[in-house]
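Take a look at the structures listed below.
Two complexes are shown next, each including chain A; its partner changes from chain B in the first to chain C in the second.
For the complex of A and B:
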């Protein structure tokens, strides 16, 4: 492919550049001008990674916990609420309302909502950040699943009901198998929205709920480009794996 | 519901009916915001960035889609095109920060080729007056998204077949491209393009890291007002947030009324 089409080589290099560049910065300790390749002098960054307040393991696990919780709750609630909306008389109006929180800048939305989070002592807490993220991820799940419910799935449910299936049987034997791929896509996308979130997380978390995006920003502020690159690399890897899995295993069956 | 709460609280705060600085109903905050040049500068600057990003990204994506065609969806390159989408905007901003700055990667490459002898000779695109750093970073992310979007439309709408029909009716390749293929792709993609434009308009992380203190994009300007220690700035921040929210909601309602936002299921 590459011999015939050199444009692919250029495209390959451009597209994998972010990963290479972050890896180069993350696994080095100094990068003085004018050297092109950063130098590795000591392993102080690695020590910081696994120890003390800057422990990347804890930050990574906290970020994963927040994103998985937000994604699971958003998908679970969004899936059923989307069904109600898909067959509602005011479907279009309700969908329009779902677009509002999703289209607004999360940081502006967070700034306006912050009073209520402070009132309920949720500012600067992990549950507060989860609730704040849910407020923007949940409408996205509704928008995503709305078209799924309109794709004829209800006809299969009705057929199962005609054949005597009760609500539980219909859900586990008809709806769930037919919706498995869509639920996975929804989970991946909700996870990624939560995983990428910075403005809202930083505002509601008041910088105390240290997720990977918040740490990237803090390290940039401290001019520690190597730890910022390490945090960035950890931020990029899970979405890459999810997008690859999404494309390889889920979209293939669609 | 949370949005309604946020809007009501912002309105109460901006009109002096709630908050620490509340001294009874007043519209002075709105008058202050609407008569200050900062608000219009931020608004205009956000529109400038949005228009340039969307126009260039759509053009690049159209070119990429028509050049790569089915490789985008089925070839090896299809996996790589997802890489920019897997990079969070704050990481994209960090990469640009380290690449486009005066002592960044590009400056070092130029130095290695003896094109500059000092980092100050490289203009740098971080905090630059034309905001090229912001625009460049946004374009990279947007182009990847639009290439995938256009390629999906290209396949679903069977554009190759439209091309054959147009050719058999005597149209040359250029005419087919301008009068058939590009209009079909744009028409189908317009709701997503407009939604993406709304996201770019309200973007925060990239202008926060790569932008100047003045002018600031609207989200950065609002967030900074909230974070200032001067309590008198808080109602102003709420008023700005309210005006921004009204603008975004109005755009969505216009899209909705033109039946561009929600498709039939």
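For the complex of A and C:
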């Protein structure tokens, strides 16, 4: 493939080089002029990555837990509520409300909500961050699935109903198989939004709930390029896996 | 009487879609309902199927009022203009769908589905998916899927509208043959005069939400609104001009 199409080589280099560069920076300790490549004096960065409660592994696992939970709950609720909205008399008004969280900056939005999070003792907690992220990911899921329900899938449901399928049978035998790809795409996108969310997470988490995205911003602020690279490297792994899964399980059906 | 529709009314806002529509359908007969696009034919069928709700009036089948009966319990199958085959299921599984949701024994499902496939001339296509068969074959599968469950009534909403002339003719013949074999009762909605005459045992004409049911075919074709006379005159003029 590469011999016949040299453009692929260039494309692959463009894709892989930033990741290799991040890896090089992450595991090096110093990189001073005029050294051509970073120096690897010890494995302190690697130790920091795997040891203790504040290790990157723990932060990575917490970030994965938050994003998976937010994505699953948003997709599951957004899918059904989008159906209700798609056939509601006041569809346009309800859709307009779904766009509301995106009209504000996440930090301004978080500031507006902060009182309630403090009142219910959710500020600075992992469930609090999950709820805060859900508040912006859920409307996105509604907007995404709204077009799906408008695409004629309801006629298939009605057809299954006149053939004798009850609500449960219709869902599992018709709606779910026909919506499988859309649900996967929705999950990927909701996961990515939650994964890279910074403003809301930082504000509601009050610095106590550390996610990888928050860590990256923190290290960049401290001008610590090696630890910023380490957290960035971990940060790109799930999106890359999702990209691969998207290509393997979703795009092959189109 | 198998089906009795009594004074069905439907409005969208101030716009009257169906105005006190009534009809009676006997067992093993097909009623053709002729009407232009937007006259309310589809709404009437959807209300009978339970997909839409009427504002007033009754739907009675086998002396049972179906007004409060859910769609899946009505035993009335609605066929869209599009075949709407489930794209993730094979031809066999599409036809077997209604039998599977009724949880019939496996052997019975296979036997009934195979027989239907033979009757519809679909042998060899059982394992194909809808995107691998032609428009006419898709419509046959849609018929098979509806008929195999032995419904009370089949509602056909311009089912041949998207087919070419040749396939349409073949499908009309097949439908006539199948309705005889399986003793089907059907409401057949179309905007095509010739198709209405060919497919029906009884006839009705719908205009602006008002339904006229005719006692016989003569009265149907002699009503000027159906356009039959215009059609005859058109061909006479063509003949004269030769």
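Everything that follows uses one rule, which is that the second predicted complex is superposed on the first by the 229 of 254 C-alpha atoms of A that agree within 3 Å, B and C clash if a C-alpha of one lies under 4 Å from a C-alpha of the other, contacts with A are read in each partner's own complex, and residues count from 1 in each chain.
Note that in this section contacts are C-beta pairs under 8 Å (C-beta built on N, C-alpha and C of every residue); 3 or more make two chains touch, one makes a residue touch a chain.
Quick caveat: nothing in here was measured; it's all calculated off a predicted structure.
Engineer: On the A-aligned overlay, A:13 touches which partner chain: chain B = first, chain C = second, or both, or neither?
Structural biologist: Neither partner.
Engineer: Which of the two, chain B or chain C, is in touch with more residues of chain A?
Structural biologist: Counting residues of chain A touched by each partner, the higher count goes to B.
Engineer: Quick one: is A:178 in contact with chain B, with chain C, with both, or with neither? Answer first, second, both or neither.
Structural biologist: So A:178 only meets chain C here.
Engineer: A:169 in the overlay: touching chain B, chain C, both, or neither? Say first, second, both or neither.
Structural biologist: It touches chain C, and chain B stays clear.
Engineer: Is A:107 touching anything from chain B or chain C once the two structures are fitted on A? First, second, both or neither.
Structural biologist: first
Engineer: Counting only touches as set out at the top, which of chain B and chain C does A:155 meet: first, second, both, neither?
Structural biologist: second
Engineer: Of all residues in chain A, which touch chain B in the complex?
Structural biologist: Chain A residues touching chain B: 1, 7-8, 11-12, 15-16, 18-19, 21-22, 25, 33-36, 86, 92, 95-96, 99-101, 103-109, 111-116, 135, 146-147, 149-151, 192, 195-196, 198-199, 203, 213, 216-217, 220, 225, 228-229, 232, 235-236, 239-240, 242-244, 247.
Engineer: Under the touch definition given earlier, write down the residues of chain C that touch chain A in their complex.
Structural biologist: My answer: residues 49-51, 70-72, 74-78, 80, 82, 84, 86-88, 97-98, 100-102, 145-146, 149.
Engineer: Would you mind writing out the residues of chain A in touch with chain C in their complex?
Structural biologist: 155-156, 158-166, 169-170, 173-174, 177-178
Engineer: Can you list the chain B residues touching chain A in their complex?
Structural biologist: 2-3, 5-7, 9-10, 67, 71, 75-92, 94-95, 97-99, 103, 105, 107-109, 111-112, 119, 195, 198-199, 202-205, 209, 218-219, 222-223, 226, 237-238, 241, 244-245, 248-249, 252-253, 256, 261-265
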